[in-house]
Amino acid sequence: MRLMLLNPNTTTALTERLVASARSILPDEVTLVPVTAERGFPYISSRPEAQLAGAEVLEIVAAHLPAVDAVTIAAFGDPGLDAAREAFDLPITGMTEAAMVTALQLGQTFAFVTFTPQIAPWYRDQVTRAQLSARFAGVFSPRQGFGDITSVAEDLTDALRETCKVAARHADVLVLAGAPIAGLASVIEKDVPAVLIDPVKAAVLQAHALWRLRPKGADKGGYARPPGKASVGLSSHLSGWLQRETTRD
Amino acid sequence: MRLMLLNPNTTTALTERLVASARSILPDEVTLVPVTAERGFPYISSRPEAQLAGAEVLEIVAAHLPAVDAVTIAAFGDPGLDAAREAFDLPITGMTEAAMVTALQLGQTFAFVTFTPQIAPWYRDQVTRAQLSARFAGVFSPRQGFGDITSVAEDLTDALRETCKVAARHADVLVLAGAPIAGLASVIEKDVPAVLIDPVKAAVLQAHALWRLRPKGADKGGYARPPGKASVGLSSHLSGWLQRETTRD
Amino acid sequence: MRLMLLNPNTTTALTERLVASARSILPDEVTLVPVTAERGFPYISSRPEAQLAGAEVLEIVAAHLPAVDAVTIAAFGDPGLDAAREAFDLPITGMTEAAMVTALQLGQTFAFVTFTPQIAPWYRDQVTRAQLSARFAGVFSPRQGFGDITSVAEDLTDALRETCKVAARHADVLVLAGAPIAGLASVIEKDVPAVLIDPVKAAVLQAHALWRLRPKGADKGGYARPPGKASVGLSSHLSGWLQRETTRD
Amino acid sequence: MRLMLLNPNTTTALTERLVASARSILPDEVTLVPVTAERGFPYISSRPEAQLAGAEVLEIVAAHLPAVDAVTIAAFGDPGLDAAREAFDLPITGMTEAAMVTALQLGQTFAFVTFTPQIAPWYRDQVTRAQLSARFAGVFSPRQGFGDITSVAEDLTDALRETCKVAARHADVLVLAGAPIAGLASVIEKDVPAVLIDPVKAAVLQAHALWRLRPKGADKGGYARPPGKASVGLSSHLSGWLQRETTRD
Amino acid sequence: MRLMLLNPNTTTALTERLVASARSILPDEVTLVPVTAERGFPYISSRPEAQLAGAEVLEIVAAHLPAVDAVTIAAFGDPGLDAAREAFDLPITGMTEAAMVTALQLGQTFAFVTFTPQIAPWYRDQVTRAQLSARFAGVFSPRQGFGDITSVAEDLTDALRETCKVAARHADVLVLAGAPIAGLASVIEKDVPAVLIDPVKAAVLQAHALWRLRPKGADKGGYARPPGKASVGLSSHLSGWLQRETTRD
Amino acid sequence: MRLMLLNPNTTTALTERLVASARSILPDEVTLVPVTAERGFPYISSRPEAQLAGAEVLEIVAAHLPAVDAVTIAAFGDPGLDAAREAFDLPITGMTEAAMVTALQLGQTFAFVTFTPQIAPWYRDQVTRAQLSARFAGVFSPRQGFGDITSVAEDLTDALRETCKVAARHADVLVLAGAPIAGLASVIEKDVPAVLIDPVKAAVLQAHALWRLRPKGADKGGYARPPGKASVGLSSHLSGWLQRETTRD
């Protein structure tokens, strides 16, 4: 299967980090197709940035159809996830949602550990969206600032390890949230008395599972594709796709 | 005060309908500034359309700063509402959210009545986002289809009146959801045993109230503006605004 | 419009404080009609006091009909709010509820900051009543006691500012709860990294908005007036009003 | 033990009905002390009536102290329950709350069956107050009207039996809600495929259990008595009680 | 009435402790029938132990039918409670559930205080099962370890008193959770500013109340007995009981 | 990887049906190890049966360690799932939980469709346990009875198809609940306007994903293994496993 690892950030070094983490646990039958956004922000960390990145996610998926079998949107916060699922006809997973559904099977409560408090409101929105607040213990982050987004995982390893130890007093499962710290879970898990989840791993494994389960895609129910509609200002790939005739029950 | 009535749909006839309804109840001190989107869809009715329209909302607000004092996003479903609040420094309201907070003061439970079931999943997402499910009784709509989006309120008056009567058995307050049926509440309210809310009216009144309460805007807490950041592919208005230096606690 | 500012406490100095805060932000078209309870307690701070004050609220509103267009019940805790809405045929708002629906539009979470922990259980009940617990971060108060109820805002300014700073770590929006600290928000807001709400301001603005939206009052749904009924022991104003024939669906 | 059965309605025939039902299941050690309100309404069926009746409940309890060991407020809807618990120093139960906590032990879900839809909003408020909505299946009532409040149980036996059969499709346990239908459960339980609860029975049994468990009363925590406070306009019994010095943590 | 006090632990010293606490508050009409499990664990403190103990609970009840009128499962965590209610035709209560429904009537919020953090996940599951999380403030326990399970209450008296003082800042009512600390509430209640509940007392009083209310047992609704079914590997008492013909609606 | 498909029912024909469905979608790297319970019931359909079956699940897993890498408990209702996760050191999934976490990624709401209403209370408990009620639309089943448990899927195909069509009006995703109807989803999915999930497929795919993600098992957090403890009456496999020394944080 061809699985698009869609990085909505414009930083290719982050894409490489995500790919390395994902590849380490995928079955051989999955071929990763990494794509990095060409428009948007080096690193998404707020709702306005996510609103714009989510629009770009739709453009990117439309441009690559039908060359992939499934998509993982590889930014924690899942920009464009619901929109893409409703628009397209193949399995699509997000890092936050996939980490949460994995966590539900590994403990009663989960928390997010991330590298900056500034990003927390957007991340919390995803828990609300999924209506999983009853099992959520909050967002934890170090107080110190960070420098280069591509080396946060290395620069803040100690601070994040200590933050995890604090978070472990409040939750069974910790999700290491944010593309820049993909792969960190393996480094610190022996020191933390909680289950750690690397969300990009969870997201590609869930995409694989959905593809195995149901290759025809999510084309019914609340994600059924809307009727075709004309538009102004989109790329020809996306406007063409959205304009074609479909039906929703 | 200058209140932008931002219609994210590209149909100016809908803007006119919204303006007429809003003007009928606003105090004299409010000057409406109607703006219609130039990119996007004639009428937004799905999550992918809302994702794209929400991005356009950010562009439109950035293009009009600082000529307005407050903004009402005038499409039910509130595309771009959270993103715009976090990005900009003035009061911003949405039709769904404003109708809901008004309904909370007029009954224990509220429902949405709209003109097509196809739009319901997107509308329901707004109740989840606001965590108001405990007071929500569902979305109700006629089964029959509709033709011209600009005359839905007139074409389906009888069907919507009957739908309201059914919905009134399940909720204290009914929100007539969707820009195309702005103004309909006044026509049918005498026939329906429930409180009816015209959401564009609620939205402009809440914008007025927020402006009166707190003219400095929502610049702290969870909507505090993110740090300035460079971007690729946005208009100069929006990229310039998002790139300037700000601080978030 | 004539808006009754109904202070259910018997202390006129509190009424004056509430009026000053409310007048500072109301549009010119609103004429405040201040009324102070003649029976009850100097300052309501418990459920039994609120039970009795709520009964008095019904008496006071009945005594002033039809000379006012809307009512704001100006004690945090909203004594008699649901009862008055069901009994009478005009817009009625409460300080707690209005502050909460305003807070919903200014952040994801809100907290109450008040001047004594003794009052917290009654205040918390209002969050439960409105089913808004999912967005509530708790009640915060200084540990030190207070003296004269009419100068709490001045006597405890520093303590309340510090309490707000603590609360700001837990909520986006802080409601300065309690009539005795009306007006304090303006004094300390520059020092606190959260949105501050003065609830009497929110309550009169919501009353104005409801009056603009729907001058016929909340006479349908869950607040529809009950059938007329005879009573023993009430004033003639209130018993007469409650005895007249009405219908509820 | 002396257990006050406090009927906040002014109709003594209802008190007699309640007493008969309660006596049929109480242990010998419990002596019922029936009291009927002298001010208020023949039958409470709305929030304004409950607000006033709740104030009268406080007056009645204060007038009978210390001649009773516990109190059951014998109107479904529990007027004045929280206020009385905070004011007084002995076990107090309510019909709605006691029926609900009993139902929690007899099935996963419960519903209320009552004789008129007009009373439903007030009854539903009690489920919200107790935060038991997750186990509540709604209020069910016959459509037909009723005549004399003292013979509703007999006049509507068939209609209520049929309503129970419908409600049994939605809930495991049915609470026969309202003082006028006390005792009906025994008449119809063999015909209804659900557990039936007669709430006055549940309320006196819970009062007995609380008295057995903890005779010193609920004098700590959220029902701790407030500091003594002067008042205007209350009876000498109640004002005297509320004014005496106590402390709350 | 004959009330079986079923201790699913195999330690008879715990049974004696539970009986002593229960007898101190029961009416004379209740005759306790203490039974101690012969298979299982000296003290249950995890989910696998509770899974096995719950199976043994079914065997024990089946072996004693029809010699008892009601059953209290006397291990905090309520092993086998739902299973036993569905299987048998008499009132059955559990220590956790009974303590919780009692707490609902004595404050807004409750917490569990227990003697080891290791047991907390299993105890928390019972709050989720009952859907009472909205009123739950968490599990509190001392950090120090414990020795002999039969003298925990005495060995840790001081530590548990201090833990209660901390928990009292978070909850109105504290449940002293765990059979080994039955009776401790009476020892420390004067030092703790919260209502304390000894759960075995609550459980036997609720069993008495259910027996008074409804001697025919919970044989309808969600606990209706399932159709008779053959089995392999159970005792003849239990397999015989489960195989007999019954009907469920 | 060796994945135990543990059927807690004693009917081997059901095991064969489950294996057939699971094998149809598993990657080649997964070797199924089917095991059928030797004690218990031909088909589990109530809480007491599930209590006993869950105890047997612990015995079976203990007897097969360390010959398998992961376990799927293959009865809808997940008997023994939490207990087994806390007891053992390898990934364990359940049909209900796995179907639910899969459904969360394919729509906003899910429902269960099963072949008899008698089984519904036990199934509903699993939604409560997972705290997913906000996304659950209920249990749907045909009214007609069923005969041989091994041919329910074939005997009731038409009735279940029609039930699915009704359920599709209430939920986006339908879970075909119950081992006896494993495989049915593929037969009827083209006729039903909703996403259909075959839970055994979801359960084995989630087991595969957890094994890929985290082969060391769920040995921290809320499922951390309890301290070793002696027992009476268990098999030597299970008692030996539970008695060995481990530590929990």
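A, B, C, D, E and F label the chains in the order they appear, each numbered from 1.
By definition in this document, contacts are C-beta pairs under 8 Å (C-beta built on N, C-alpha and C of every residue); 3 or more make two chains touch, one makes a residue touch a chain.
Quick caveat: nothing in here was measured; it's all calculated off a predicted structure.
Rotation relating chain A to chain C, from a C-alpha superposition: 120°, rounded in steps of 5.
A count of contacting C-beta pairs for A-F and for B-F identifies A-F as the more extensively joined pair. With centres taken as mean Cα positions, chain D sits 28 Å from chain C. Chain B and chain D, compared by their mean Cα positions, are separated by 43 Å.
Contact with two or more other chains is made by residues 108, 121, 125, 128, 131, 133-134, 172, 222-223 of chain F.
Under the contact rule stated at the top, the pairs of chains that touch are A-B, A-C, A-E, A-F, B-C, B-D, B-F, C-D, C-E, D-E, D-F, E-F.
Contacts from chain A toward chain E in the complex involve residues 108, 134, 172.
Residue ranges on chain C touching chain E, taken from their complex, read 121, 124-125, 128, 133. Of all residues in chain B, only 25-27, 29, 93, 97-98, 101-102, 104-109, 130-132, 134-135, 168, 171-173, 192-195, 197, 201-202, 205-206, 208-210, 212-214, 218, 220-223, 249 touch chain C in the complex they form. Put simply, chain F touches chain E in their complex at residues 10, 38-42, 45-52, 54-56, 58, 80, 82-87, 118, 121, 125, 128-129, 131, 133, 222-223, 226-227, 229-234, 242, 248.
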